[in-house]
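Heads up, the next two complexes both have subunit A, just with different partners, subunit B and then subunit C.
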Partner chain A sequence: MKKYIAKRIMLMFVTAFVTMTVLFVLIRLLPNHVHAALGGYAKQEEMMREAWGYNKPIIVQYGIFLKNVFTEWNWGFCTEVGTYLQPVTEYVTSKLPATIYINVISVVFSIPLGVIFGVIAANYKNRWQDHIINFFIMLFISVPSFVFAFFLQYIVGFKLGLLPLVMKSGTDYFTWAMLRSAIMPILAMSFYIIAGDMRYVRAELTETMTSDYMLLARTKGLTRRQALFRHALRNSMVPLVPTFLADVIYVISGSMIIEQIFAVPGIGKVFVLSVTSRDYSVLQFVAMFYTCIDLVAALLFDLSYGLIDPRIRMGGGKNNELS
Partner chain B sequence: MNYPEHIPAKKFEFVQQDAQIHDLKFETEPVGYLKDAFRRFRKNKSSVIGGIVIIILILFALITPFISRYGVSDRDAYYAYALPKNNLFSKLGFWDGCQTVTVNQQTYDRYEAIPGAVVKHISEEAADARDSRKGSTHKIRLDTYAKVGYIYKTITDQEYQDILAYEKKTGIQVLYPLIDSSQVKAAAYQNDANAWYLTNEKGVAKRDKEGKLRDIYLLDEEGNPLYTKPVGNGTQHEVRVLYSTWYQMLNGEHASFLFGADANGYDILVRIASGARLSFLLSIGVSAINLFLGIFIGSLEGYYGGKFDLIMERIKEFLYEIPTIVIFSLFQLHLASKVGPVVSLLFAFIFFGWIHTSSTVRAQFYRFKGQEYVMAARTLGAKDSRLIFRHILPNGIGYIITASVLSIPSTILSEASLSYLGILNLQTDTMTSIGTMLSNGQSTLSTYPHCLFFPAAFIALLMICFNMFGNGLRDAFNPSLRGADEG
Partner chain C sequence: MKKTKTPKKLLALLLLAVMLVGTFAACKGKDKTDGDDTQNPSVGNDTEQTGDNDNQTDDNDTETGNPPADDAEYTLNLTQTTSAVHTLNPHEWEYSPEYDIMQLTQSGLYGIIYSETEDFAYSCEMAADFPTDVTSEYAGNETYGVPADATEGYAFRIPLRQDAKWEDGTPINADTYIYSYQQLLSPEMVNYRASGRYEGTYALANAYQYFLGGADQYTDYFNAETGEYAEVKDGNLYFSTTEPTAFFGMSLADAAAGDYAEYFTAEDGTDTLAALQTLQGDEAWIPVNEEVRTALDAMIAAVNAHTDTAAYDQEYLEFCTYKEEMEAVTWDQVGLVKNDDYTLTFIFTKPILEEFMFYFGHTGGLLVKEDVYEANKSDIGGLTKTTYGTSANTYVSYGPYKLTEWQAEKVLTVEKNDQWFGWNDPAYEGQYQATRISYQFIDEHTTEMQLFLQGNVDTVTLDANDVQTYGTSDYVVYEPTSYTFKLSFNTEKESLKARESAGINKTIITYVDFRKAFSLAVNRTELCQAAFPTHSAAYGLLNDQYAYETNNFSTYRDTEQAKSILCEVYDAENYDTLSGYNVKEASELLEKAYQEALAAGDIKENDKVVLDFNVSVSSDTNQKAINFLNDAIVAAAVGTSLEGRISVELKEVDDYYAAMKAGTADLIFSAWGGNEMDPYSLMQCYVDIVYFDDGEHGFNAELPLTIQIDGKDYTYSLYEWYKEVCEGQWAQAPSDTRLHILAKLEGGVLDQYCGIPLYSRREANLLSQKVQYVTDEFSNVYGYGGIRFMKFLYNDEEWAAYCAEQNNQLSY
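Our next item is the complex of A and B:
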């Protein structure tokens, strides 16, 4: 097991490094104009290019980049977005809290709801409760989150005037005013997570309910409810925990669309801005950030199966032995 | 040997002489895999409805540009933000292009001066006597088509004669008297063709005793209102026309946009249809290419295995780890200026889209290539290509078809999201996308929600139907997957 984990982590670093190299080359090959801070004079621009190392061969540039990253954690500086010449790491880190704030609340709010409604649907299978829940699963999974977001913004925000149209700026995250302005983005984001969790829980639980040990549990005299909560629910949680774990990790990657609609000053917005206004250092850093989240999520997702359910042998050979 | 003597030899006959000893034909109709799947699919009512609505939406996207009065690139800036109007329903008081607004006295006077603009005067709130800044306000039902009102036009002599002939023929008044600009008191109304009435400096109308507006037309020496003023050496005329009748003269009928008009005065209906057409074409193209590539690569990997398999698996793992949004962005940044945004989007979709199909196909090959029936076929001399396409691949056809149909809505949604975010720029005069329309409509969500409503409703309906259709398709092709759902 330990050997397998070590191997996976090594592989993860290799993938991250290869991705970083490919991203660097692709981004540096783009038409790379230097922000004309001094009024766009050709000579100054040329001097800046020279000073920032854009005239060197790309392999040398990459060497410098690697040295900066690994010795000083210096990923370059902002040119088009944020404050001019602000370090990229500082700028992006300053955008993280808003994203995490919205996503953490939405995950904390969605997972219990998803589980509760999933259990209800499985318990009342093919009855009206189940049909209603299925209808909502269909609706929330199919309809894109931006449609919900517009709907909320128009009805709740504008017509009824209950909540602010966009999220409040500032860093006072623990005040009521901030939470109130974040309710709509959180809701818009939660529908999809709730529906996904409901669907998983329902499918897993209905499958578990048909297994033999459930029959035994009923035969030995447990009521349906006891059997459901003490035996079926616990077992059907096994494949679900990795899903929830992945939900939690993706918390920091943020939803670009929701952030755009509700003007959340978060990381998704930074990515879109860096692409549309072509700030390549920021793009490089955020793209790398997203890649690392994906890698970590995939790793944890795989490992958690083995940790939660000892019957699954991680990295075993064809005989499913521990390595 | 002793033959029984009492049976004469000529009584013997050959049993098999004319007998047909092969299997009897099936009494019932033979049911193949596809037919069976279709039969199962038909039982699922919601999927059938989903499929029918998808077909209707595709037909809508294909046919609308041909039967609509407006083309994709027809724009009329005067009718920007015009509300949805259907001539059939307009008499009944809804879908009539009207809007209920509350306006101040100046604006109300201006709208009242335009024929047809104020459909209904709902209520009036008198001016606040204590607060002089607050004038009286009016709640009115405003026709968003008529409110354009009068405009100034500079036309040639020939056009002028044509208008006069048109007026004589139909009896519809197009030309209206010019305004005496020396009598316009309010600065804001100096060049406004709608300010034909006497106002004070603030723009509030000065009415006569009966409450009627008093005109300030430009008069000639005899006191008759002037309809034209020569400009540019007298070769051209400056005239004042009512825009709705001017439009009627040019187009034969009044303007009416079924889904309203957007910020640039484009017809939303035909823009949605054209955006949807692009989405459908793109997603079906992507799906077909990925299906082909996925089957090709997956078969080679799965059937031959070895080094090729190993290398392709590493490439897939690597591609799979890069977030798709980064891939889309880099493709747009690199290729959009060279081959256009649509083609670079297509490339980006293909770049990682084949991975899923090829993995499914590869898994099928690993499962079946060692089985006895494949060995039997090989022993009988079947070639590799026959083994691949006739014996192994058909096992996974259900999964493959379902996966590629289900990739269509996700492609459409990705395209809409990317163009909404502005990473992908598809907005031109002749082309648009649902995402761009959403992004443009969002800025006027509170005042003109129709710009946003119709594209959003379209994409929501499309996604719901595709999901219902896809679920039915999955159940029909893979009956074994139903277990969890049916219990």
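Our next item is the complex of A and C:
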């Protein structure tokens, strides 16, 4: 297992490095840009470009970039996104708390609800309770979250005036005022997660409850509820835990549209902004940031199967073959 | 089993209730007057409202809009997009919102402001008095290069206020100016705004040499605009693979990595770029020797398909530069002289003869506080840069307001600066009534609009849909801009041909009659109504925001010369009835262009003309506009050979300007504006290939134009006429002559129909019921008076109460 993990981690680093190289080359092949300068500013632009190495051959630029990253953790600085000359690492890090705040609460709020309603739907399969839940599953999955966001903002925020239209400024995340201002974006993000989890739980649990060992449990004298919670739910969780893990990991990815609607100062919009503004350092770092999230997530998903279900063995070597 | 039934029902009911409550929590309702903090005008803002309203505004004040003499809070809530403000460093700012905020937190030497009795007024801000022209003192001064016979316009002495202070109370004096200008022009820092003081109207003597720091300058040997070679000494030829070349308009390295890779393989298979890079080594520039020449010739041969080598034996010069050794200049030689602690003399490279232009160039603040500026300096990529002005902690104010809060891309707040001299100066009485100005960074227009209608934002720009609802509101304020949007054509035959396919023709665009037909087919007024309801129809390259005479602010578009040239171009009998719309003539021209193209083999009888209109996003507005243009040209084609064979199609691209420059677009919208005080210099954008190539790709600015001046005919290219009227023999000519040239030049460009003016941008804003501008008449100089003269009709407490009364849904 340890050998397998080490191998996977090593492969992860190789993948990250290759991705970083490809990204760097592709980004630098785009039209050279420091500032969109016209008139007299073109002179300064040219001088800045020269000083900042944009005119050097790409391989030389990449060498400088690698040296800066690995010796100083210097990924460059903002020119068109964020505040001028701010280190990109600092800029991206400063955007994470708001995104994480909204998403963590959303996940914490959504997973229990998703599980509860999934269990209810499975328990009352094909009855009216199940139909109602299925209706909401369909609604929340098929309607994009930004539609709910606009709907909530207009009805709850504007028409009824119950909640602020936009997220509060500042970093006082543990205050009621901040939480209150974040309720609408949290709700808008939650619907999809709740529906997704409900659907998975319902499907897994429905299948588990028809298995032989559940019949045995019932014939032993357990009530339906006892059998459900003591046996079926636990076994159904095996394929579900990675789903929850995915929910948690992707909380730092942010949602561009939700953040834009509620003026959340998060990371969701940074990626697109860095492309449209041609801020190459920010684009490079954010692209790598998302790449790393995906790589770590993929690793954790794979490992989580083995940790949750001992029957699953990792590595595929001869020693792991079942006799 | 019975026992389980009741809990199941309960559970089911609970389930239903939870889901309904969770989804439609909003439906519960609430008393909207219970002091909900969302009604606070500074929602989303950490700043506490003091609520100190011992001196309430009385009813009379509220009705008349006079500023009440009390200490109530008056918050102005504004919005900006998230990418609008990156820095408040006066040496590095780039975008106008940054400048607008800096105008609140710092002061220029002078102001050009609203006046009740005049078109505008000049005001002393950081200056204690108006300047004295001291040119005669410096006439013949070799250090500053002032001509011996100069009598005015070169040198101005300015006394400074002695009560000006930074927000922390530190005095501001002549040394502050010296330090700030020195930093602005520092060769180590390469500040973005440095050119404002080393070139152009406000270039200080020797500032450019100081800025260059003695570094050698390399200039293209071949001038692509004039087609001429520089006159330099033998042997002064240099070359680089990494610097832009006149030939490609980009470096060889970029050319090889892009569309021109094929040119870098010599006839014998040698990689010429690699060969040149080897010769260049680590040097930025290398002298052109035999080896370099051989490699360049090999590449040029590939460019010319290895034919007739003798015909292009001088072409290598288009890859070369010549070196100018710049003399290092010390700060003492730069044209900014400290006379005493509170007196400065500015010495310029060129005379500033117009009073307005002098003041106009000194309305912005350039001061930086030395200790903070220095403390935030660091080496960034080989340049010394400072993060001054990138946060509330690294910025020091000295204007009417001080920066108190800045959460990047979320909120920025300025509040009254107690240290500002103006609060104790009667000259500023009744001005700057706002006690706090808060900017929220919001990208979503619907969010912004809802905040406005709740009373939490005090002005909002209307989009096309909003105009349908609020266009006639009493609270709408229209703000004309100088930007004229054109329908720009790609007229480069090769690139159009390259993108043609079987049965699809684009080359017909290269026929001027076709483009003129397009122009005549468009009813600009109806186009504006259909797609751009806030904008106004445009016929000329320069709209009515351009002043040719700044002292009395006479606009170019109102002159006889400007009117008559448009009548000539659009064949109109008089200016007042000019519409530029004539479908009949458009049809005739379409047929004529088609027959000519057919005869020349540029179109086939069954070809369809499909024109790609490149836009960055297929927004509702773009869709409407392009549909309108398509309908217009389709209607003009009725009854002609092109009937049913022509269409304009929207195509989304990342950067449509880049697409046009690369020749991969057929049509785009493009616009130029700004520099409203100098219509002559704006013509550069229309005749200098550096500027027009990403709009009117293929336009030939070398076309000759003959203009009769004082009974004599002069013939120059379009580009040369621009140079002549701005820098050449007519740069100082009487206004009538210059206007005549400007109008003829505008006509000369319009006659090519490579860019057809369609509309001038005019922004429509809704202004909150809380505030009003000092005047209803828009001025090119100060708008409606701005925040400086804005009147508050409600203080914060009254406004909150008023909004609550209106259920936080205000009617406009």
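One rule holds for everything that comes next: the second predicted complex is superposed on the first by the 311 of 323 C-alpha atoms of A that agree within 3 Å, B and C clash if a C-alpha of one lies under 4 Å from a C-alpha of the other, contacts with A are read in each partner's own complex, and residues count from 1 in each chain.
Heads up, the rule we're going with is that a contact is a pair of C-beta atoms (placed from the backbone, for glycine too) under 8 Å apart; a residue touches a chain by one contact, two chains touch by 3 or more.
The shown structure was predicted, so the numbers you read here are calculated from the model rather than taken from an experiment.
Visitor: So, does A:Leu29 touch the first partner subunit B, the second partner subunit C, both, or neither?
Guide: Both subunit B and subunit C are touched by A:Leu29.
Visitor: So in the superposed three-chain picture, is A:Thr15 touching just subunit B, just subunit C, both, or none of them (first/second/both/neither)?
Guide: In the superposition, A:Thr15 contacts subunit B only.
Visitor: Between subunit B (first) and subunit C (second), which, if any, makes contact with A:Val272: first, second, both or neither?
Guide: first
Visitor: Considering only the touch criterion stated at the top, classify A:Val147 as touching first (subunit B), second (subunit C), both, or neither.
Guide: first
Visitor: Touch check for A:Leu283: first (subunit B), second (subunit C), both, or neither?
Guide: So A:Leu283 only meets subunit B here.
Visitor: Using the superposition on chain A described above, determine whether A:Phe136 touches subunit B (first), subunit C (second), both, or neither.
Guide: It touches subunit C, and subunit B stays clear.
Visitor: Scan A:Ile261 for contacts with subunit B and subunit C and give back first, second, both or neither.
Guide: In the superposition, A:Ile261 touches subunit B and subunit C alike.
Visitor: Between subunit B and subunit C, whom does A:Val104 touch in the aligned arrangement: first, second, both, or neither?
Guide: In the superposed model, A:Val104 contacts neither subunit B nor subunit C.
Visitor: Kindly classify A:Leu179 by the partners it touches after superposition: subunit B alone (first), subunit C alone (second), both, or neither?
Guide: Touch partners of A:Leu179: none, neither subunit B nor subunit C.
Visitor: In this superposed model, does subunit C or subunit B come into contact with more residues of subunit A?
Guide: Residues of subunit A touched, subunit B against subunit C: more for C.
Visitor: So subunit A touches subunit B in one structure and subunit C in the other; where do those two contact lists coincide?
Guide: After superposing on chain A, subunit A residues 29, 150, 153-154, 158, 165, 260-261 contact both subunit B and subunit C.
Visitor: Where on subunit B is subunit A touching in the complex?
Guide: So the residues of subunit B in touch with subunit A come to 317-318, 321-323, 325-326, 329-330, 332-334, 413, 416-417, 420-423, 438, 442, 445-446, 449, 452, 456-457, 459-460, 463-464, 466-468, 483-485, 487.
Visitor: Of all residues in subunit A, which touch subunit C in the complex?
Guide: Those in contact with subunit C are residues 29, 31-32, 35, 37-41, 43-44, 47-48, 50-53, 55-58, 77-78, 80-86, 91, 94-95, 113, 117, 120, 124, 128-129, 132-133, 136, 150, 152-172, 177, 181, 187, 191, 260-263, 265, 269, 273, 277.
Visitor: In their shared complex, at which residues does subunit A touch subunit B?
Guide: Answer in residue numbers: 15, 18-19, 23, 26-27, 29-30, 125-126, 138-139, 141-144, 146-147, 150-151, 153-154, 158, 165, 203-204, 206-207, 209-210, 256-257, 260-261, 271-272, 275-276, 278, 283, 287, 290-291, 294-295, 298.
Visitor: Enumerate the contact residues on subunit C facing subunit A in the complex.
Guide: Those residues of subunit C that touch subunit A are 11-12, 15-16, 18-19, 22-23, 25-30, 32, 36-39, 43-46, 82-83, 86-87, 89, 92, 94, 190-192, 194-196, 199-200, 242-243, 251, 253-254, 257, 277, 284, 380-383, 385, 387, 390-391, 405, 407-411, 440-444, 446-447, 450-451, 453-454, 456, 658, 691, 807-809.
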